[in-house]
Structure formats: C-alpha cells, structure tokens
Amino acid sequence: MYTMDEKLRADVLTAALPYIQKYTGRVVVVKYGGNAMVNPNLKQAVMSDMVLLALVGIKVVLVHGGGPEISGMLKRLDIESKFVNGLRCTDEQTAQVVQMVLAGKTNKDLVSLIGVCGGKAIGLCGIDGRMIQARKMDGPKELGYVGEITAIDPAPILNALHDGYIPVIATCGIGEDGMTYNINADTAAAGIASALKAENFITLTDIRGLMRDVNDENSFIAHVDTDQVDQLIAEGVIAGGMIPKIKGLQKVVREGVGRAVMIDGRIPHSILLEMFSDEGIGTLIEKPKEATK
Amino acid sequence: MYTMDEKLRADVLTAALPYIQKYTGRVVVVKYGGNAMVNPNLKQAVMSDMVLLALVGIKVVLVHGGGPEISGMLKRLDIESKFVNGLRCTDEQTAQVVQMVLAGKTNKDLVSLIGVCGGKAIGLCGIDGRMIQARKMDGPKELGYVGEITAIDPAPILNALHDGYIPVIATCGIGEDGMTYNINADTAAAGIASALKAENFITLTDIRGLMRDVNDENSFIAHVDTDQVDQLIAEGVIAGGMIPKIKGLQKVVREGVGRAVMIDGRIPHSILLEMFSDEGIGTLIEKPKEATK
Amino acid sequence: MYTMDEKLRADVLTAALPYIQKYTGRVVVVKYGGNAMVNPNLKQAVMSDMVLLALVGIKVVLVHGGGPEISGMLKRLDIESKFVNGLRCTDEQTAQVVQMVLAGKTNKDLVSLIGVCGGKAIGLCGIDGRMIQARKMDGPKELGYVGEITAIDPAPILNALHDGYIPVIATCGIGEDGMTYNINADTAAAGIASALKAENFITLTDIRGLMRDVNDENSFIAHVDTDQVDQLIAEGVIAGGMIPKIKGLQKVVREGVGRAVMIDGRIPHSILLEMFSDEGIGTLIEKPKEATK
Amino acid sequence: MYTMDEKLRADVLTAALPYIQKYTGRVVVVKYGGNAMVNPNLKQAVMSDMVLLALVGIKVVLVHGGGPEISGMLKRLDIESKFVNGLRCTDEQTAQVVQMVLAGKTNKDLVSLIGVCGGKAIGLCGIDGRMIQARKMDGPKELGYVGEITAIDPAPILNALHDGYIPVIATCGIGEDGMTYNINADTAAAGIASALKAENFITLTDIRGLMRDVNDENSFIAHVDTDQVDQLIAEGVIAGGMIPKIKGLQKVVREGVGRAVMIDGRIPHSILLEMFSDEGIGTLIEKPKEATK
Amino acid sequence: MYTMDEKLRADVLTAALPYIQKYTGRVVVVKYGGNAMVNPNLKQAVMSDMVLLALVGIKVVLVHGGGPEISGMLKRLDIESKFVNGLRCTDEQTAQVVQMVLAGKTNKDLVSLIGVCGGKAIGLCGIDGRMIQARKMDGPKELGYVGEITAIDPAPILNALHDGYIPVIATCGIGEDGMTYNINADTAAAGIASALKAENFITLTDIRGLMRDVNDENSFIAHVDTDQVDQLIAEGVIAGGMIPKIKGLQKVVREGVGRAVMIDGRIPHSILLEMFSDEGIGTLIEKPKEATK
Amino acid sequence: MYTMDEKLRADVLTAALPYIQKYTGRVVVVKYGGNAMVNPNLKQAVMSDMVLLALVGIKVVLVHGGGPEISGMLKRLDIESKFVNGLRCTDEQTAQVVQMVLAGKTNKDLVSLIGVCGGKAIGLCGIDGRMIQARKMDGPKELGYVGEITAIDPAPILNALHDGYIPVIATCGIGEDGMTYNINADTAAAGIASALKAENFITLTDIRGLMRDVNDENSFIAHVDTDQVDQLIAEGVIAGGMIPKIKGLQKVVREGVGRAVMIDGRIPHSILLEMFSDEGIGTLIEKPKEATK
C-alpha cells in the first residue's frame, strides 16, 4: 500500500503544525551571510527555506551584505582595500562598487534563486524609497562613506510583503546628500527587524553558537536572556568578535523584537530546524522570563 | 550537534513545498465518513490534517454525514430504522433525530476536536442561511423526508473561509416549507464542491480505491479520466456500490471541480499523503488530458 | 379610493419612524425562553419580530437555552435528571445530550423558522469558533460539566451580522480540554450582550414584569435604575427567583449595555411593542439619570 | 396591560415586512410635484415617507421641479411668463430665475424639511458634477434655454446614497457652454430612474390614476403593461395630457426600470401605501408578464 | 527648434515643483469674496486656480458668501435692507431670499464656471446634511435670523473631496427648528477650515494686506505670528474692520489650521501666486516659530 | 507689488492646466537613454520632470538601459566587447556584468537622483518578481545570453505606482533557468508600455526627430500615423537605424498604447515640453484618425 516514507512524511508535517501556528502571519527577519552565502548547496537550501516559510504564511524578509563578492570586485578593479578598526575605508569610488555589487549582483542573484525555488521575490536596497537613511559615521576621515543609520522607513518592505513577495534587502544606505553609504549588514538587519517589530530575528553565522568552551561541543549555551549578557561578557564567556554580535541581538530584543537567534548557517536548512522545533539549534536571546509577562 | 531526525524533518518539509504551492489559496472539499469517523485516532489525524492544510493557506471545507451515530440514537429512542433501495425511510420524527444528531452532536464534536488540534472551525448545517435547499425525492411515499437538492448557496461557507475559520458542514437540507430533509452526504459534499468550484474534492472511504481485481493489491487503478468511467462500468471493473460513487466524482469534475479523489480513510493522515505527493494514494478522477486546456 | 385600513397602516408605520431611527445600526440582544419558546404562535411572532428588526437595520442577536426539550430528550433516553441548588447535575452523557438538543434541535429549528418568516439566520453555539469558553463551576462534584464562562469571543457573531445574517446562539460552552459545558442561558446571553456592547438587552419572561404586589396589576414597576436595585431587594420587592434575574440585568448595564429590559413573552410581538413605543411594555433597568451624562 | 393600539401597531408593522423585504437595498426614484408639493401637510407626509423608506434600507431619490414657486418669483420680478406648446419660453434672465428658485429655494427647503423629519439629505441640481447635461431643444427660437437632456451622470446621486444621504435633485440642466437649461421635471426624473436602473419609479400626480371613465371611480385601471399602452391611446382611454406622462413611464420601463407607477399625491403617505401593499394605490406600468423572465 | 517660451514654460513648471510637493494631499480652504467675485475675468481666474490646485492633488474647498447679488435681489423684490452693527436684519422673508440667492444663484454659477474650466464641482450649502448648524445670534431682536454657528459637520465636504469633486460651499446655516440662518461668510469659512484641520486658509480681500501705513506700499507686513496680533491692535496697526478679520485668522490658526493668509483678490491668479512662491503675496498669520516645534 | 515674473508664473501654470487634465491618472512610460543619460544637467532635468509629472497625478514609469557604463565596466574588467549584427555577444560573465551595472549602478543612481529632486522611487529590474521573462534570442551561438522577451508581468510596476513610488526599471531579463538575459532597452520599454496599456510612450533620443532631409530643420515631421510608416520606409524617409525605432513605436501603438513619441533628449525638460503643449516637440506616432474611434 503506502510506503514507510509516506507515513514518515505525514508525521513530520503533522509535527511541524504547532510551529507553523506560532509564526504564521508574523514577520521573521533573516540576516544572511557567511558560508551559507558562498556554498551553492547551502545557498539553495536557505532560499528554499525562505520560500517554504513564505508559503505557510510567515512574512520572511531576507537581509544580506555583500560578503566576498565586494572584495573580489574591488580587487579585479585594482582598488585597494584598506581597513580601520575592522571597517572598510570607503572612498567615493569604493562606495560605488559596494552599491553596484551589493544591489546589482548579490541582491538580484538571490532574487533569481528564490524564483528558481518557486518563490516570488523583490530585491531592494536602502536607496529604494530612501529606506535606509544614513550619514557619515564618527571616526577617522579615511573611513569616508562608512555610514551610520539615521532612520529606517519600512514602507517598501511592508509593501512588498503585502503584495505577496519575499523582500530581499541589500544594506547600502542613502544620505541626505544623495550619496551612497556603506552600512554594516548586521546593524542594518537589526535595524530593519526593530522597525518591523519582527517576531523573530535570525542571524546565520559560521559557528555553532555561543559556547563556554569553544573546544567543547557540550558547553553550548542554548539560551541567554537579555539581562545575562553583560555578566557573560564580564565572565569572558562572550568575548572578542562575539561581543558586538551578541550586544546587537540584545539591543534588538530590548527594542521590541520577540526573539533573536544566532544559528549555524553551515547546517543545511538551519532556518527550518531552528523555527520548527522546540529547542531550536542556535543560541537564543530573549527577554528575561519574568519580564515577558 | 543536530540529530538525524532533524535533518529528516527539514528534508520532508522541503519536499512538501511544491505541493503546498499547488494548493495554497485554493478550495479543497473533504467528504468525511466511514472508519475515519469512528476510530478516535484516525478522527484526530483527519482533524489535524485539516488544521495543517488551513495553516498553509489552503481553504479546506469538511463535509460530513452522521454515520453510525444516527442509527444509534434512533435505536436508543426506539424508532425503527427502515430502508428502501438503501435509503433510510425518514418520517418527521426521524428527520428531527437526523437533524439533531448531525447538526448538534457529530458536527459540534468535530468543531470541538479541530479546536483541540489548534484550529478554529465554524459548524454549519444546510439549514443555516438556507444553504442546502431541498425537496422530497421522487420515490415511494414511505421515504418521507429523504431530500434531493434543489439549490446550494455557498455564501455561509465562503464567509466562514473569509473570516479564517474551517467550515464544518452537516448535510441536512431545508425545504421551501421549512421542513428538514435527510440528504445523502456524498451527494451534498459533491454539490458543495461544485458550488465552490473546488480545486480538489477528496472522499474518504473504507477501501483502498478502485481495483480491477479486489483481491489483488497490484490491480489498483490510480487514475481514471471522466471519459473512461462509462466503459469501466460496462467492463464491470466499476460495479455495485462503486457505480454511484464514481459517477458522482465524474459529475463533479464535469461541473468544474479540478480533480476528485477517493482515498483510503483507514490510513492515518491519508489526506496529507494524497495532497503532498505526486502519485497520491487514491484513485483520481480527472478530465481527459486533451480536454484540460 | 383607499380604505381606512390603509390610512391606518401608513399612520402606524410613520409612528414607528423615531423608534427605528433610535435603534438602526445598533446591536440588540434578545434572550429567548419561557412560554414564547413553547407556544407555536408566540414562537412565530418572535421570529417575525426578529426578521422585521433586522430588515429595518437593527443588528439583532437571538440567544436561547433549551427549555423543556432537553428534559424531554433526557427522559426519552432514560437519563435521570438531578438538580443541586437549581442547577442540573451534568455528567458527560448529559452534557452530550444538552449539546445535541440545544445546538442540533432547538437552534436549527429557530434558524429554520426565521427562514420561513423571510429572514436569513446562522445558528451557532458556544463551541463554534470557541465563542463561549468555560470551565467547571465551583461547587459540589456531582454538578459535573456545569460551566462558568471564562471568556467570550464575539467574532463569530459579529461576522454573521456583518454578512447580513441574524445570529441565533445556543449557549453551550467549550472548555480548554475540548469538553462541552452546560451554561446558564441567562448568564450567557448577558455575557454576549456585554461583549457586544449592545444598545438593548431584552429578556423574554413568563411574567408581566417587576411588581410591588404580584396580585395587583397596578403595582407594575416600569423603570428601575441600577442604583435602586439593591434597595428594592432589601425592601423585598425584588425577591426569590427575581433576584438573580434583576441582578444580571443590573450587571449588564453596569458593563456598558445601554439598557436592559425584562418583558412579558406571553404577549404576541412583545419585542416590537417594547422597542417601538415610548413607554415600552416591560421593566427597564437603566443607569441612573445623573450618571448617563 | 397593553392597549388595543399597541397590538394593532405590531400587526401593521408585521404586515409591512414582506414589502420592506422586496425593496430593501434597491433604488426607488420619486418624482415629486403637484398638490403634494404645495399643501404643507402633504409635503411633510412625503418627506416623512422618504425618511422612513431610507431607514428601512431603501435607496430613495427625490426628484422635483419648481412648481408654482418659479412662476411666483418671475411675477414678483416683473418677468413675463410666456408659453409655447406648453413650454415656458426661457430667455437667459428666466433661466437664471429658474435655477435660483429651483436649486436655492425649493431644493434646499425640501432638504431642510427632511432634516426636521429626522433624515439626512443632500440637495443637488443638474449643474452639480455636470449631472444633467443638456442642449437647446429643437423648436421655435423663443423657447430659448428650454433644454433636452444629452447625458446623465448618476455619480453624484450614487455617492450621496453611498454616504447615507437622501439625494434631493432639482432638475435644471447644464450645457457644454456652461449655460443653465430649463428641463422638464418629469423627463429628468425618468432619465435619472433609467440611469440608476431603479427598481421603482413613482410619480406623484393630482389625479386618482388612469381611468376608463374619469367620472367613474370604479373604472380605475390599476395595471397596464407596456405593450398595451399604444392600444389604450388608440382607444382614447389614454388621452390629452396623460399621453406624454404614460408614454414616459412606458419608456422608463422599457429602459430597464423595474416598474413605474403614477399615484395620487393628494392622499397622505401615498408613497408608503403604494409600496407597502400588494395592490398598491396607483396605476402601475410594467413589462408584459411573459416578458419578465 | 523650440522657442524661448517653451523653455520658460518648463522652467516655471519646474520651479513650482517644491510648492506642489508641500501642499499635495492637504486641505486648502479658500474664502472667496470681494472684487474677485464681481469682476468676470478675476472670477474665471479664481476658478481656473481652483481646478489647477485640485489637479495637482490639493484638496481645495471654496467657501463663498453672496456678495452684492443678495442686495440686488432684495432690492428687485422691494424688500428693505436694514443693518444693525453692520449685520443685515434678517426677517423670515429676507432669510429665504438669502438662501435662494446664495445656494441657488451664486453657488451654482460658481459650480458651473468650474465646469467650464474643466473641473468637477459639487455645490452645497449649510443646510445640506445639516452641515452648518446655527441658532439666533445674541443681539437686538430685529436681527432676526442672523445666526451664530453651533456646530459644523464636515462629512459632506469630505465626501465630495473623496469622490473627486471640488466642494463649493454657500454659507447659510440651519437651525434645530429647520429655519435657515444668515451666517457671516468669513466666520463660516473659518469654522470650516478649523473643522477640516486645513493646511492653509486663504481669504481673498480687496486690499493689499496688512500695512503699517495704508498709504505706503513699502510698509506692507508679510508675516504676523498669532502672539503678535493683540499688540498690533494695541499699537493701532490693526484697526477698524481689520480687527475682526485678523482676529478670525488668529483664532483659526490657534484651532489647528496650519497657516492663514489674507491676499489681494484683485490680482489675477493671486491664489497660485500665494501658494506657489516662497514669500507669497499676502499677509500670513502663523503660529509663533518657537511654538511650531 | 508683485513682479512680472510672478504674473508670468501664474500664466504658465494656468496654461499647463489642460495638459495636466489630459494625463492625470494615466500611465506614461519614458524610455530614457542617450545623451540625456550622460550629461549631468540633462539627467537632473529629466529626473525633475519625472517628479513633477508624478506630483500632478501622472503615473510615470522610467525605463532605462545601461548606456556607456556597461562598456566602461567591461573594459575595466578586461572583458572583450564583441558585437554581431549590432548586438553585444553576451557570455555568462558578460551577462553578470550587465546585470550588476544595470541593476546596481545605473538603476540605483537614478533612484537616488529622484530622491534628491524630492521624489520617491523604487528601482527594479526584470528579475524582480520575474517581471521580464526571456529566452535566448534566435541567432548565432556566440550571442549567448542576448534575450528575447517571452512575457512581461507588470504587477511589480503597478504595485510601486499604487504605493506612490516612481518605478525605475532596469531592463535585464530572467530565464526559466534562472539565468540573466541581456535585453534591448527599447524593446523592453515598448513591451512594458504595452503591458501597462500606457497613454503615452516617450522615447528620449539624441536627434531632433524624424526628418525628410536630415540637413534641413524645416523638413521635420511632427506626426506620422501607424498606417503611413511602411510607405515612409519605402520612400526612404525612414531609413537606417530609424527603421527599427519607428517600427517599434508603430507596434506599441497598434498594441493599444495611446501615442508614442520620439523626442530630443538633448533639450532640457524635453519631457515637460512634449507633454505640456499642443504641438509637442517630437515626432508623434498615433493611430490613423479614422481608426481612433
């Protein structure tokens, strides 16, 4: 009659029911980056997850930076890459390449890939509808057009969601003066999640999550509440590059986003696995329980 | 890190994607009856399937008869059950019991069970909004209030769908004279599917489907087009009680329903298995291929 | 030319104008019970009033209990009726009969009768859309599934009104656990009137109204404000079974319903007579004048 | 308890039910003129009827000419009234007086009176929104600005109905050239009824209706179908000033209006009496029965 | 190739861009009166301005009094004009003439003229929809039906704007008693501007604006903030008939209107010139800068 | 008082009125290219025109190719440019550069510039929402990803217009296979104009328009009807590169676009000059007059 596989399929779908119920109609912002943006199989898996989430009624928004494509193009164009405090020095010429690669290459390639997966996407950048407004970041003059966000107008994203499309957002910003600014993608994604009062803000990374001992899989920390973050930093558990990342998630949750998770983008379908299970697969930052009421 | 199960779960969900895409936003009418309406586990599985389908954006409508509950109640009330040509003789007293059990017991129990599964349902019968209009069926006088449908007004069903509820429909009918009529549930479900121009009309039965040789699992017929039905009857492949059932599905497809399937309600989650796979698990009646364009 | 009758008809219609103006577009909840639910002529007159009120733009909601039909059915099924403090002991078997008769017999018969009067009704019970949520009432264990209301979701009623139907509501409730609860109909009707912020809450009874001396027609009390109720109880004017009824109306008005009236359901068209005249025909509970602002 | 009057009131209201059901949501155009426009009591009765019909959900439109007020004002202004073929010679000065009295006096007085009766009206004339477009009627030059209708734009009337107002329409017309035209009110009202595809077009007159013998009340003709009109003219039953009136009603029905009635405006509440009874009180022009399906 | 004129045209249109951006979608109320209402060329220019503003998406409302037409008609009808404190004594007969001329002549002529300019207008007066409610003004009895406004219901104006028409408003008022009241047009226009929370309230006058020395063009005062008004009165700069006018504008701004301007209606297209330039051409009353936040 | 300039401004704005009336609410597609896309002053003037047209209620859509920026980038990346029959040979690497420059550089720069001019734009390319679907054009294999359009889905453009943005469209296409295609911008713009049933399709060029003698300004042809095109080609008046351009405009008009104009983009504000004058400034292709009704 029917095979084992079929029964299994039914069981899995049935098991997904409560998680779909939890998120349907809600906004989920996915910050896309790292290895999941380079490996073609992972890339396809992420886009397929986006399409599935959209189909079951979840309002997914994909926010991405440019990853290695920007550096590659700068190199091909013989433009020197210089960094100050980990920020790319962005003269006008560099700003133009950032915009071109981010909004014209990475962004549209993702839109295209979502189409291949059977979804419908609209690719936008912070210039469209003056969505991500920015000004020069305080700092050494050579930073140039590295921007800090002054305002986010979520209207173009909400319109795309309303019209039934998956919004794919490239994170360059636009100045009062009409100049393009190079914006940190994590910061922009967090700002968008806040502006949309998202239910869930998922950041894809290249690590397992937060660990007490990076060499010990068993020391994985699945859950941190926003009030514990500062102590974990003091204890040295959160250290180095993790500090700004976790602080960013803490800020987003404090600004009204329901939950913020950092997941391992190297696992195929990590987004589905995170969203459609009780324990999730990443490190979750939430409000302290007593505060959620 | 993550278990095999989790990977599997992701794979299964991903595999469901194209089927969800096919039905999302469309109307699917499920005629519910037989063993799936008696066995509590199957009952729960069917309601859970309805909730899942509703969640992924499919407009499911559940139509049911009364099954053994009517006979049971008539017996408890010492009302004799008499049949002519397989139709229950329905005097006024019997008609009242049919209405009471169908609309007050079976219907509301299903609504309640959908609630337990996390869905929201509205239970209606053919009397509500004068939805299923009927008159006395031609035939021997003793048939009494056995009705044939004169008109179906799908407005109450469409309203419930629009307001986000799963409509659960008990199939009693209402006459010009305000009398309640006992209506065949298969016929009523088919009429509702036609009136709604459903994409899919699924009938739950207690058999595997149509077979050339009922004793040979391998003789299962997965697909019949509407033009082949009459010949299969002439050949004796469709025979006995199958004739009205298959003729009913043929009629529904000819009236504009996309496809009509008879599936084995004894298999848990048979509705999911039918809808979320290429081959399905039942016998499908469709328009002849050349006629579909 | 034209007859006296015609002139009269015009005069009466014209006289109704200010009362229609007062209620058009407003919600009026009618608690239906007593003799008006047993006598077929009165029954027809009440349903005809509902249809007329709906036609002139008033949003009428009919809420009913089961009256003698439940006891009759329990007796036919040899289920013993036991009462504690005037409440029916409701074991699981009894709860099922209550649901079946209330939602399947009484409710649909009223929907059917409204249809005969030319109106369109939708019959719902507290289980539909989980409208009347309940839990076990505090009290002796033998009360069983006698419920107290924990929440009312008026959405299904508002949807039916919006779609142009007269909602007819059977008052059984639904528990967290999916069990059906036996709810007092007066209490449920009052809860619905409060949840809908009704303009008028009319209770049909089998008495003339509140009287200082029940043997003296002339001692009829036409108007009581909510602040006078407690004193009238202290004085013994409101006594016995009238105490919970009048307290219920007092509560409803204090929760925001415009006015609550107890009228004599034994008078044909008592609802019209109450609503379309200055003095009304029943005992009216209103806010104290100084409080209405 | 309750008086005879109260019972009667309930009975009459109940009897009105089927007629209200027939017209609710439909458009009814009333051409108002004659004695009912002069006698203050009749005037008030007509406006009260309009308010009642609006309240029970009927979309009433009142169309009026200027009656004796125009002649009176012309006389006070020493402007000579001249007639050719029963049409008022309308030089530019006269056209201005016609517009001023019709749109500024008669129209706004009716709007005001509807307000006194508890209704909400908007007064418009054919100039507003260029609703009644006209050009010079063929004929002797001295007719001047007597206009024939070239087009009717019902948008302003439909907007007023949609916004919940009773539209009161003065029948002056507007030319391509911006000049005001004097339009026959019967013709304009008929044109408006056609443009709105009204369910009913009621003309108030100063006579009993069509009669075979004007001196014999018993010869009253209650019903004429559109195919009989020409023969009745040939027989001389329809004669003199009745010919254009009846031809107008015939035309309106042939253009899609449901029914056209000529009623005796001298009877108080004649509109209610016509609409809320089976036989009506006037002469009805309808499509021949065989043609209605 | 292309002429100088064409280049100029493009430049002017381009220069208008920021002013259109400022007002598009906002409500602008124009109080129309004085010479601009008498001189046919100015009249046409004002209506043409209204049409242009409407076309570029500004929600313009034209409010007018009757000007010399009322006096002219009263004289022709041999009705004596008497004034007390500058207010016309308005007996019932006079009130009727005011209504007739204002709502039937002036109002509809303006609607007609807007049509000639290619716009679509709806003419309303304070009686329509009981828009301008009034009662007798305190004062000597002989003032009669001179009214003061008790309430303004802007719904008919908003409906007309929503339906795409330019509302043209005649300022007569309606009493509780259904009597027509003679209302000061400046006051009514100001009341309407407040009720609509207009962005701009423009009053056309026959003077250049406010001047320190009426004989010295160079003493023109272009801008006064609401806190300066009382001092300017004390200084005698604002004196005589200017006091009520400027106090009216002050009041309007304090009630929430964005800005109020008095402009010289004797200049053709003065409305365009005021709105489509930085400095404007009239005397502007605004909130004090520090108060605008 | 007021200066000459102000009067002039009013006159010009007033003169623009009928042209605004003609186009308001209609779709106008502008194909942007040539010198107007290189010269910064012309660029700003075109964007300013777009903003002005949008403000006066015209639904403008800007469609652009990549102009010299693509060639420049290919050169900087050492990718050889090869042409066959005037078409750029587009291997996969070239297709990626075309997409990147078109959608990421040119497109977003225009969106940015519209923002500087005070407008709100959304930049999209044919990949977004799978708007411009394409397949390989028939021809020599070395053409590679030069595409021909198979379908246009105007939904993303209509959504952007509905949400109040100016859509700016880069013309790359998307294949079934998810590959990016290099599409001729004139063809894509024409296809978009047809799909939107535009009222006007304006193509910016670097020539004066169509001329009988290219050396004689006076031989300029202002108007050609679609039936005259073939004869003008036969006569040699339309020759060389003009043939495909004019044939394209002919096709667009025959597919339902109201009018198609080729204008001289070297003139500042040529779009305004074309649209806001009777004679226009370019060569207009329209339906033959007899065919327009």
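Letters are used for the chains, namely A, B, C, D, E and F, taken in the order the chains are written, and counting of residues starts over at 1 for each.
Definition applied: a residue touches a chain if its C-beta (ideal position, glycine included) is under 8 Å from a C-beta of that chain, and two chains touch if they have at least 3 such contacts.
Owing to the predicted nature of the structure, the values given are computational and were not obtained by experimental measurement.
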Smallest count of steps, each to a touching chain, taking chain B to chain F: 2
Intersection of the contact lists for chain A and chain D: none
Let me check something: if the centre of a chain is the mean of its CA atoms, which chain is farthest from chain F? C
Between chain E and chain F, two copies of one chain sequence, what rotation angle (nearest 5 degrees) aligns their Cα atoms? 180
CA centroid of chain B to CA centroid of chain D, Å: 55
Take the average of all CA coordinates in chain D, do the same for chain E, and state the distance between these two points in whole angstrom. 36
At which residue positions does chain C touch at least two other chains? none
What graph shape do the protein chains here make by touch: line, ring, star, complete or other? ring
Moving around the ring in the sense set by going from chain C to chain D, list every chain once. C, D, E, F, A, B
Residue ranges of chain A in contact with chain F within the complex: 76-77, 96, 99-105, 107-108, 111-113, 115-116, 120-125, 127-130, 155-156, 159-160, 163, 165, 172, 174, 177-178, 180
Which of the residues in chain E come into contact with chain F in the complex? 1-2, 6-18, 20-21, 24, 45, 48-49, 51-52, 55-57, 117-118, 208, 217, 264, 267-269, 272-273, 276-277, 281
